[in-house]
Structure formats: C-alpha cells, structure tokens
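In the two complexes below, chain A is the common chain; its partner is chain B in one and chain C in the other.
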Partner chain A sequence: MAILPDDIKAAMQGVIPSHVVTCSHDGTPNASAISQVYYVDADHVALSHQFFNKTKRNLEENPRAMAWVISPETFEAWDLELEFVRSETSGPIFDIMEMQIEAIASMVGMKGIFKLRAADVFRVTAVSKAVGERIPLAEIPRAR
Partner chain B sequence: MSADPSDTSGLREQIAENQQAIDRLNRDLARKSNEVRIIQQISSEITSTLDLDEVLGIILRAMDHVLAFAHSMILLKDVADNVLRVAATRGYAEQGAGAQVRLGEGVIGVVGERRRMMRIGNIGASMRYLKTVRARMESSGEVGPAEAPAVLPGLTDVQSQLALPLTVKDRLVGVLAVESRTPNAFDELDEVLLRIVGNQAATAIDNARTYQIVEQLGRLKRFFSPQLADLIIRGGADDPLKTHRREVTVVFLDLRGFTAFAETSEPEEVMGVLHEYHGEMGRLILAHEGTLERFTGDGMMIFFNDPLPMPDAAERAVRMAVAMRDRAAELAVRWHRKGYELDLGIGIAKGFATIGAIGFEGRWDYGAIGTVTNLAARLCGEAKPGQILISPRLLPEVENLLEVEEMGLLAVKGLARPVKPLNVLRLRDPA
Partner chain C sequence: MIPDRVVEVLHGPTWIQIGSRDEALRPAHTVAVGAVVHDDRQTVTVFVPTARSGRVLRDLTGNGRIAVGLALASHESYQLKGTYISSRPTDDTDRARQEARRAALLESALEAGYPEAIARPLALGLAITPGVAITFRAEQVFLQTPGPGAGTLLS
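Up next, the complex of A and B:
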C-alpha cells in the first residue's frame, strides 16, 4: 500500500534516537528510546530487540505500538502506528541490523556483549506528521 | 464568475502532483544515464593498466571526481592473515597506507568478514549510546572493564560510512570504503553507485595483484626453494629482497685442489665433478633448510636464519657441515681413485649482515654483506682438507653437540682483533 513517504528514510537512520510507545494488557503505557527504527519497505519497519525490557513484554501482551521518528536534516517528525508482525532472527533484515550493531559494538569493546537478539518487524498502519500539542502539566495523568 | 474556488485548488494540486511525478521520473532518468556514463568511464580506465597502485589510484580518483566521495580508501585482504591492510586512500591529511583492520572489527572489518555492504549514518550517536550502556553494565558488574578499542584508519569523528566488500567469485579481495563527518551522508543511490564501481574494481584489483604475484614469484624462485617462494608470496615470510639487517649463521665451503684440477682436466670432467658435488651438497642444503646465497665454481655460501627465522640456526649450520663433510669424503674416495686431488673445507661464522637485493635492473641477486661473510670465507680458506672451522662466537650454542679442538690465532680483514677458530672433530653421540 506504500504508506511510508520517501523522505521519512532520513529519519530512520538513527541519527536522532527514535521513541516507541507500547501498552501492557491492563493499559499501562510505556515509552522508551530506541536506537533505530529500520525502514524495511514502504509498509514495514523493524525495531531492534537487544534487551528483554518492558517494550518487549508489552508487545507480547499487546501487539500494537507507536513510534516517533525525527529527520536530522529538517527536524520533521512523524508518528507511526504499528502492528507487530513477526520476530526475525535471521534473513536479510536481521543481517543488516545485526551487522551495524556488531560494527559499533566492536568499536567500543562490546563485541559479543551488545548484540541483536531479533529484528521485530511491524506493519505500519498509519503515518502522520507529528505536529505536537501542548498539554497543560496538570492534565497529564499520573502513572501509578 | 462564480466558479467554486475549491475546484480550482483541487486542479492546482493535481497539476502540482503531476509535475512532481514528472520531475521524479526525469531525476530517475538522469540518474540512470549518469550510472551508465560512470560505468563506461571507470571500466575503460581501470582496465588500461595492470599496475596495482595505478589501479587503486584510478578507482579512488573516480570516487572523488565522478561520484563526489571526498574521503575514500581501499583496503586489501592479506592472503595469509585475517587482516585488511590500507592500500590506498584519497582525501586524508595522512596517507595511512599500511594501517590495518582485523576482520570483524569496525564497519570495514565487519563488512569484510560478512562480505556484505554496510551503510551507516549514525556512528557518533550509536557509539555514545553504546558507551553509556557499557558504563551502566560495568557499574552493575555485568561486564568487566572495556578492552582497549581498536584503532581504525580513517576520519576522526566519523559519522557516516559506506563500505563495500570487494569479491571475486566469492573470494574477498578487499574493502572499498567512503566516509564522512556528516551524519546520514550516504543514501541508497550511493549504495548503487558504489556497487557499480566495486564490481569492476574487485576484478581489476585481483588481476593486477595476480600479475604482481606471478612477477614476484618468478623473481623469488631464482633464489629460493619453491616452497619458500610461495610462503613469501602468501605473506608468511617477509620479502627477503627488501634490504634488512639480521643476525645470520654463514657457511662457506669449497674444494681444496679445485683450481689445479680445473686447469689440468678436460672440461667434461670438471663439469661432471661440479655437477655431482653441487647435486649432493644442494640436497643437504635443502634438507637442513639453509638458504643458498651463491655458487662460485666450487665455492658455495649458505646462510641460516634468513629469510626464515630459525632459533637453531647455528645447530643446523653445524649439522649440515658435518653431513657435507661425510658425504664429500665418500665422493673423494672415488675422485682420488680417478686421480683428482679434491677435498672439502668448510668455514662457519655468526654475526649481523645486511641482506637484500644487490645488483642492477635486469640482474638482481640476493646477497648478504657484512664482516660475518668475510669471516666465514676466511675460515673456509684456512680449513685443511676435511676441516670445519667455526668462529668462537658460534660455540655457546653448539658446544653440547660437538667435540672441537682449538686452533691458532687467525687475522681477518675487517676485524680489529684476530680470532681463535675451532675445528669440529665430530658430533657427540646423543646421550
């Protein structure tokens, strides 16, 4: 369906870290920084799974997520609505992401420690330019 | 006129969209024809020479002039080691040639190891992130302190790299890399362009390298055994023809009475004796892995510990000499029967020599220069039939092997003080 515009690619190189928001079964949201949202094709992105964290746990309970990516050239931001498809531990997408992680890891003495466990592939169900909206502080619901 | 204004704007949008599509198609077309032009230009230049340095220069010039990659380098895979060595660079303050990257290390090393292209535009951000993760893991005791990071060739503060493995029939020849201090400096189009150049570059580099190796092999095989020549080519030993200084054990031998024999005998007889003698001595040189530096009629000079380092060079030299003496004694029985008065004398010395290619274009020899060769030659000249005279400097390494007798003082040209050589009587029986 080609949902992702071409100019979003620059925002998917991890120059400015992206953020991903997931939600647990009981509705508790979690936002987390992620080093890269990888452009797979015009309808799919992949997120690197490196640690067992809340994002990963939430996705097991609830396969929907939102990602926020920013172009380092124009500082344009996009919101992506995502639906988890599958977790890949081999194949071209995994290889490309894993190679990059290994290259960087080897440069900081982290080879074999910092590695890609899986490439989590998502279908992009909606994409919009994130304009941002000020929310008065008092109205933000407090997390319990 | 009361036209609906929304109709016009819809039309305008449509026209603008169409124009964008046309522009995009034009851009694509221009890109395609540009690619074809690049392929033609580079391939005709690259195939115009078999000189490796020229080939590398042409490739990097094309990267700069045709593709506008300002910082580029070519690393070639060492045949023997899992190492990529910088062979040519362009756009750097320092040349960096000779710097190396282990396979699996950094962007270039990983590209070489996996034989897959990599484009990365966030090296700085990724490294900062990983260093933070690392610090957290260190403080929680999950990992030990970091090993020293590898020193990699290229730009400091590099942000973007695009690296392509150069392969010929699945064999890794090297890696072609471009880089930039700007984040996200390279895009998918750059990948396409680099791939085009890379395919041709790999073949051209491989051809030039093969040619270079064949040439070098021919040169080396004149002086060394085929095995050693191969080892040198594959990088397992340094090119011995490059001038270097090394401590060697030098063995000189010649036949006492040969000059008189040569003057009074038929040429066929002389050549027959030499052939037999060279053949037998040559076999023993190979068996002890000595390096034959030269023949001068009946004289031979052999050394040990170059090109291949040998911790037991002195022992090998002495064992070879004793074996030669035994074999020459057997030959001499026959020679004496025919009336030839020929006996072997040997001199051995140890010391530093300057070794490398000596000569001039078209006639190069591999040679050693130093007092040690003079001393070995002098000892050989002094040896009586069947004697092996060794310099005292050799003794500490071989005294457990040998029974020796001390000889009188001997003046040697180039040495301030006379030496007191030792004559090798026999090898001790192994205890």
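Up next, the complex of A and C:
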C-alpha cells in the first residue's frame, strides 16, 4: 500500500530519539523514548527492543502502538499508528539495527548499556504529520 | 508523592511526552513543553500546543488515564502515570515558564554534545502558543533511565 512517505526516512536514522506509546490490557498507557524507529519498507517499521520493559509486555497484551519520529534535517515530526507483527533476533533487519544501535550508543556515551535484544517489526496502519507541534524554521531565533 | 529528584527534573530542561489511549485501547502521543508540580507534590500541570492536544484531550476526558515520560539530555528518565484532572488555555505565566524551558532545553542539548544545527531548532522550535495546560494527579512514578533499574517503581 506504500503508506510511508519518502521524506520520513530522514526521521528514522536514530539521530534524535523517538517516542513510543503503548497500552496494557487494563488500559494503562506507557510512554517511553526509543533509540530507533527503523524504516523496513513503505508499510513497515522496526522498533529497537533493548530492554525487557513495559513496552514489550504491553505489546504482548495489546499489539497497538503509536510512535513519534522527527527529522533532524527539516524538524518535521510524524505520528505513526502501528500494529505489532513479529520480533526478529537475527537476519538482515536485526543486523542493520544492531550496528546502528552500537553507533548511537557510542555517540551518546551509552556503550555497553544500549544493546539490541530484538527488532520488533510493526505494520504502519496510519501516518500523519504532527502539525502545530513546531514553529517554522525561519521563525526560530538564530545564534548571536 | 513525587520524589525530590523527579520534581527537579519536571522543573528542569526535560523533554516531555504524553501518552493516552482511547476506548479501543489505541495509544496516542503528544509532546509537552514545561511542567509545574503543585504544592501537594502529587498534582502536575504540563503544557501542550493546542494544535496537538485534540486527540489526547479526547482520550483524557473519556477515560482519564495518562502517562507522562520525562527525559534529560543525559538519558536520565522517569515516567509518571496517573489520572487526568482538568485542562485550560495557557496564560502569560505559563508561556513565560515555557519560554524559559525552551532556552534551558537548548543549553542542555548543547552541553550534551548535540550540534547547534540540531539543538537550536529542536529546542527553540517547540510551539508554545496557543497552548493548553493539562493537569493530572501522579499516582505512580517509575525510573526509566536505560539500564538494569529501568522500570523500578519509585513512588
């Protein structure tokens, strides 16, 4: 169906951390930062699963998630509505994400703490620009 | 009661995200700029751009469940979970607080090593007006800093 626009790829390089919200079976939301939302294809993304955490437990109960990504080039942000498909612990998606997580960990001083346990693959069910979240770049005060 | 350190983080240069969900348990997300912890150390107000508040407010007025994630540039992170109380348009005092918070976010991002070309638009580009102040009661506070203690219930 090709739901993801091409210009969203810049927001999926792990330069700026992304956010993900999940929800437990009892209706409690969970908001967490995530190192990377990886572009798999025009209908799928993979989220880095680095810790055994509430996000992972929620996805076992309720496969829906909302991810937020932002481009470090244009500073446009997007909301992605997601549905969990599968978890991969080997293969090309895992290998690329593992390499990128190691690079991110080195850059932000988290080497040895950031470790990819799985690449969680999601189907994108909807995508929308986060309109109104940011002011236009031209209106941002420049450095003196 | 919100621990001292988490109050400091809420009043400091913290990146704030809000999570909610609808009746079908579909999660929603928005960012907030600035927060205030009330004197009871349990009630918190966060500030959200009006244009990004619609879905979250619909969720919150429908079921009240809110999660608020906090992250410093150092990766020190926390999460508050609680119950929605009320919302109102932001006022001049709120906006002054938000402007100070944007400046502090820029300073902390630069200190953390982000290049100015990213830190400046990332921090100062956050929209604050028009805005909505969302107040909730924090019932649980979790440590969320990446590492073995992530997920620990603090309060």
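Here is the rule we use: the second predicted complex is superposed on the first by the 118 of 144 C-alpha atoms of A that agree within 3 Å, B and C clash if a C-alpha of one lies under 4 Å from a C-alpha of the other, contacts with A are read in each partner's own complex, and residues count from 1 in each chain.
By our rule, a residue touches a chain if its C-beta (ideal position, glycine included) is under 8 Å from a C-beta of that chain, and two chains touch if they have at least 3 such contacts.
A quick note: this is a predicted structure, and the numbers were derived from the prediction, not measured.
S.K.: Identify the partner contact of A:Lys111: answer first if only chain B is touched, second if only chain C is, both if each is, neither if none is.
M.R.: A:Lys111 contacts chain B only, not chain C.
S.K.: Who touches more of chain A, chain B or chain C?
M.R.: Per-residue touch count on chain A favours C.
S.K.: Contacts for A:Ala130 in the overlay, against chain B (first) and chain C (second): which applies, first, second, both or neither?
M.R.: In the superposed model, A:Ala130 contacts chain C only, not chain B.
S.K.: For A:Asn53, is the partner it touches chain B (first), chain C (second), both, or none of the two (neither)?
M.R.: Second partner only, chain C.
S.K.: Have a look at where A:Ala31 lands relative to chain B and chain C in the superposition and call it first, second, both or neither.
M.R.: The answer is second: A:Ala31 touches chain C but not chain B.
S.K.: Please work out whether A:Gln13 is in contact with chain B alone, chain C alone, both, or neither, and reply first, second, both or neither.
M.R.: A:Gln13 sits against chain B, while chain C stays out of touch.
S.K.: Between chain B (first) and chain C (second), which, if any, makes contact with A:Pro72: first, second, both or neither?
M.R.: Touch status of A:Pro72: both partners.
S.K.: Figure out whether A:Ala42 sits in contact with chain B (first) or chain C (second), or with both, or with neither.
M.R.: Neither chain B nor chain C is touched by A:Ala42.
S.K.: Can you pull the chain A residues that chain B and chain C both touch?
M.R.: Overlap of chain B and chain C footprints on chain A: residues 15-17, 72, 108, 110, 113-114.
S.K.: Inside the complex, what are the residues of chain C that reach chain A?
M.R.: For chain C paired with chain A, touching residues are 15, 17-21, 25-31, 49-52, 63, 65-69, 71, 75, 77, 79, 81, 112-113, 116, 118, 120-122, 124-127, 144, 146-147, 150-151.
S.K.: Can you name the residues of chain A that touch chain B in the complex?
M.R.: 9-10, 13-17, 35-36, 72-73, 95-96, 99-100, 102-111, 113-114
S.K.: What part of chain B is in contact with chain A in the complex they form?
M.R.: So the residues of chain B in touch with chain A come to 104-107, 109-111, 114, 116, 118, 120-123, 125-127, 129-131, 133-134, 137, 143, 146-150, 152, 183-184, 187-188.
S.K.: Of all residues in chain A, which touch chain C in the complex?
M.R.: 15-17, 19-23, 25, 27-33, 50-51, 53-54, 62, 64-68, 70, 72, 75, 79, 81, 108, 110, 113-114, 130-135, 137, 140-143
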